[in-house]
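In the two complexes that follow, chain A is the common piece, with chain B as its partner first and chain C second.
Moving on, here comes the complex of A and B:
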């Protein structure tokens, strides 16, 4: 294994430092944006119970203590997942966030399982036929699609689906169907749950509802992966080892599969990981307002409308932790499969 | 005689490229539109968000010669609203990119030039702010501040500067070790002058090109934030807000009953972003020889 434990250790240490930085930054935002932090933490309560709620919030945050103690306490609460009850949902914040994450992750993983292979194929194919009509079509299409707002594209897809088939993709699954067939979410990944229970009607329904938003979100990763892999393949084809292989009489397909493809996999993994964390925000916007799915996006909107500061902060922190973990994992994977990365 | 500034020379060299011309025309058209839209809009007051009173019959009319893009759920002329929104798009895209560029340049160059602790701290900060999604920052500010441009711009700049800091750092790192910079240091030139003249002056071109192409991404991200209702207040002429109003008033049914409400603002976002992208792409190819099309294949 070419990667040293030293590198992995350093990389993880940096990530932990960044996570702690983000938590401190969030806490500072809570304290120093306009308004009393205790009032914000209690969710701007009104009525006779307000005074009591604010007192409780003040005690929870420990606002009477020195600031470093507050921050240390806050970091401890974040890592133990103990940020109190959500104002909007009346359940623990960690539970709200977890359910949102599973819903959004289901959509994103589904999207990426389709998008990355497709993008890779498009990129390789157009690199091998550079200058052809197919290549220039894909090139122009990718420029246009990269400029398309995802939420708008989602709306157009929903409109097309409705006007051609009369089916409006809304929500994650039809509740009528789910209750009548006794569908019972276990993991929160509905597609997986339906398969485990052998509930094919619900599986099909969930699949039909996940495809349109996935199409809209997939535009970005497909474009990125296609562009990067096209450039990489085009460069790799100019390398000496390809020339030698051609001279030895190695078959064309073997060269592409065994030499060229192997050399572009690490950077493609890295770029997909980067695109993945970007797509989270895309998914949040598309799933909630356009397709009415529950997920991180709907949690964000609810926390805005109900001034649910705990959920906002938890969302910021856990989303960032997720971002950083994906990046770290991708870096480590890349370092361990690409012998050229020397640290 | 060709102009002397390198960046102008770069633009000059690319003027004849087809893509560059299209990008330039779209960008200029949107810029002009943002300046004159309030004079050419048929219903400028409605464009700014005024709701016509007592005219329920005007709601949700399809596009017609009188209302070119139709009317919205409150009976406002969509054409006026959409063209007047070009202004907010330009303001948001340019101020986000400009502010981020300035901050990122300063941080990146300082990190590369002054090594040791400064480098460590600045790189840590860069890494930190790169990791936070801007939409969550927008939510934070929106919960405590009034809706407005500042929410969108602050929340985007908070995360965007880090990208410029990163690329500036990478480019500058390659330059500060070169002999002429070392010689400039030895000859006693002040750090400020070395940085401005011999470091920033050398690396600025690719970063400027990156900034131009980012104008489109900034617009997309700002529209996303406005579309979620996190940025500008309802009624404000902005493409994201118009889309938000179209969808949030009627739910997803909006597209099926009044597709024009969704179609036109999105189309304008697409065109503007495309303009910036087409403007930047030829310049990037020009600067980065790896992207130029000069391939010769072995099979």
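Moving on, here comes the complex of A and C:
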């Protein structure tokens, strides 16, 4: 068993400490951001008793307590699973975040299912033709892709899509289609939900709408994975065991499949994992600002704008746990497929 | 490797073909078994802050206005109050007792019967929650002592001082009637129990309106369904009215524009103003609705030099409001006359300061303020037009030798800073641009909130004038017995503000509602008193 229980225990402990740190840091930071949450909680009171309403709201939110008490109470609520109601919308904080989170996650997973194999293929193909024009082109392309601003590319893709096909990839799914076909999200991953319900019309519609933003976000992972895998394959081809295999007359395809690919997969997974969590920022920008899709980006901006500190901090916690989880999963996968790695 | 390339090319072609086919053949996407229901998607520009019919006094109006009804309805075109859930009403001579006779053919969305008990419960709840916690717009029922049930379809409003209850009953907030069954369903102990509020805000509603709530997600969308037992269908041709209404939250105006073009949206409330002419050319219908949402420039009357009346008048005469409306609002507004918007009860013409630089310089000289002088302008960056106004204002003031330092903030921060005028006026900017829209069709709504000395959350001028306070309080109480006389007092109050240049009315917003060719939205479906509420029962679905 390459993964020890000790490792998992340590990771969980570390996660708890990091979450506490994030809460403390976020809470203090939010004290200095504009807006009074009590005003929002009281519903922007207009009448003669507006001040009374705000004072009551301040008490209800615990904002009249010393800062260390407020933070301690917030941490207690987080670990007892009660994040309370959103200050701006009066619905559970988890409800506000969860649907946005699944929307962003669906987009990211879809993107990476396309981007990683494509980047990997480009890298391997380029390394096998080291020094050729194709190799130079792929090397340059990978740099360009990795450094292209995704929001800009997203806008270009949307424009091209509209001007050439008349189709504007707007939102996650056609409301009219979803409503008329009785589509009812279960997991929040629309593609999956549509398949579960056998609603292929919604599935195809959601697929059409996820492709353009996924293309925009995919340029970074394609670029990074292509560059890294090209380097790894090029290095692997110079290893003694590969040269020996070539000398023994082992077929080229067999060498690539059984020796080269095996050696580069663990580091590619690792780099993809890192890129995956990094891409969440790209997704948050592109989904809402360019493609009118719901997601974490709009929720974060809105919570800051409306002094909804409960949602802002909860979002930070979600993202922290997401980051740690992805890295842990990557470590475990790596340890499972690479006998040299022990965790 | 060549094989892999070929496979990839084939895959790409396949996907491309699939995309093109699906786009050009929507019938492939839409299954033929789809029931032919008439769906209308309406884009609203803000998330919903709550749907408690007694407490909500913000963006929830867009939902409440379709699923609940009030006793009366304010007709902005005639200025009259018309029957809704009440059929007629009378008041005592002293304006302290109002008897409303109710419709006897109304049912709530859950099948329970509408009657006097529901009216008593709904109105008294709004009042009591406000009295207990200061929340909501229940302050409009300040004078209400009791709603007495005379018989199952008659109620008597007993007041501590005279009021126009018919006007209050038509309010955009705090006057909606909900079914008493909500208390049982929410397991609340009484109507002020927090459980009832949480029950409403978690997506439950029992109103009498033409549409009932199907699903509620305040961040994304609200789905409504035609309520076939609505009493009003007998009077309105319901054949073409939508079966399902989706209120889609779309905060980005550009995304609303894209949604209209892509056919995803049928009605949009907030497209970029620059796109209006293009949309018109493409066959979209436009209703430029003159709203009661207005923008006002407050002077900090507690800080030098804006504490000097002549200096304030100098600034007022140096602002070219026609240019502001043309360049900042792109014509989607009308030059303000005073602080009450055009068409609103009590609005009077002739309260626009003439743009005259000579006059402005004369007042400046009289003020004794030597130039160059630096003053600070606080404005909201959430609105494109206030940002543009700030830039124009800075240029205009430079003509007077007044250097304007611009301080743009989002709404939450602006409010924090602006209310500092009461506690720390010297640290509060000299000028503040703010906006307002009313709860009730009464001048008191604007005048109290923005200029009464007790309204410390919204009076950004820091204006304190006992004479003014008394005038509007007297007018408010007079509304119930002598409405014309009350309007005269409100006029006097507005003249006081004008002569003392406490604030400068900038523009009254004209909001373009855009609809696609798939639907027809008659003008009557919109009403500035209930901004953003669309009477979907009047909307026709064409295809």
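Here are a few things to note about the model shown:
FYI, the second predicted complex is superposed on the first by the 275 of 343 C-alpha atoms of A that agree within 3 Å, B and C clash if a C-alpha of one lies under 4 Å from a C-alpha of the other, contacts with A are read in each partner's own complex, and residues count from 1 in each chain.
Quick note on the criterion: a contact is a pair of C-beta atoms (placed from the backbone, for glycine too) under 8 Å apart; a residue touches a chain by one contact, two chains touch by 3 or more.
No experiment lies behind these values; they were computed from the predicted model shown.
By the document's definition of touching, of the two partners only chain C reaches A:36; chain B does not. In the superposed pair of complexes, A:241 makes contact with neither chain B nor chain C.
After overlaying the two complexes on the shared chain, residue contacts for A:306 are found with chain C alone; chain B is out of touch.
Once the two complexes are overlaid on the shared chain, A:170 sits against chain B and chain C alike. Of the two partner chains placed by the overlay, only chain B lies in contact with A:130; chain C stays clear of it. Look at A:9: by the touch rule set out above, it reaches neither chain B nor chain C.
When both complexes are overlaid on chain A, the residue A:76 reaches neither chain B nor chain C.
Contacts of A:292 after superposition on the shared chain: both chain B and chain C are touched.
Shared contact residues of chain A, touching chain B in one structure and chain C in the other: 34-35, 40, 158, 162, 168, 170, 288-289, 292, 307.
Partner chain B is touched in their complex by these residues of chain A: 14, 17-18, 21-22, 25-26, 29, 33-35, 40, 130-131, 143-144, 146-153, 155-156, 158-159, 162-163, 168, 170, 231, 234-235, 237-238, 242-243, 246, 252, 255, 280-282, 284-285, 288-292, 297, 300-301, 303-304, 307, 309, 312, 315-316, 319-320, 323-324, 327. Across the complex, chain A is touched by residues 1, 4, 8, 19-20, 22-23, 28-31, 34-35, 37, 39, 41, 47-50, 55-58, 130-131, 133-139, 142, 197-198, 201-203, 217-221, 223, 244, 246, 248, 250-252, 255, 258-259, 261-262, 264, 409-413, 415-416, 439, 448-449, 454-458 of chain C. Touching chain C in their complex are the following residues of chain A: 34-36, 39-40, 42-54, 56-57, 85, 88-91, 96, 99-100, 121, 125, 128, 158, 162, 165-168, 170-171, 174-177, 179-181, 201, 204-205, 208, 211, 288-289, 292, 294, 298-299, 302, 305-307. Within the complex formed with chain A, the chain B residues making contact are 124, 127-128, 131-137, 139-145, 216, 220-221, 223-224, 227-230, 243-244, 247-248, 251-252, 255-256, 259, 262-263, 265-266, 269-270, 273-274, 277-278, 281, 290-291, 293, 295-299.
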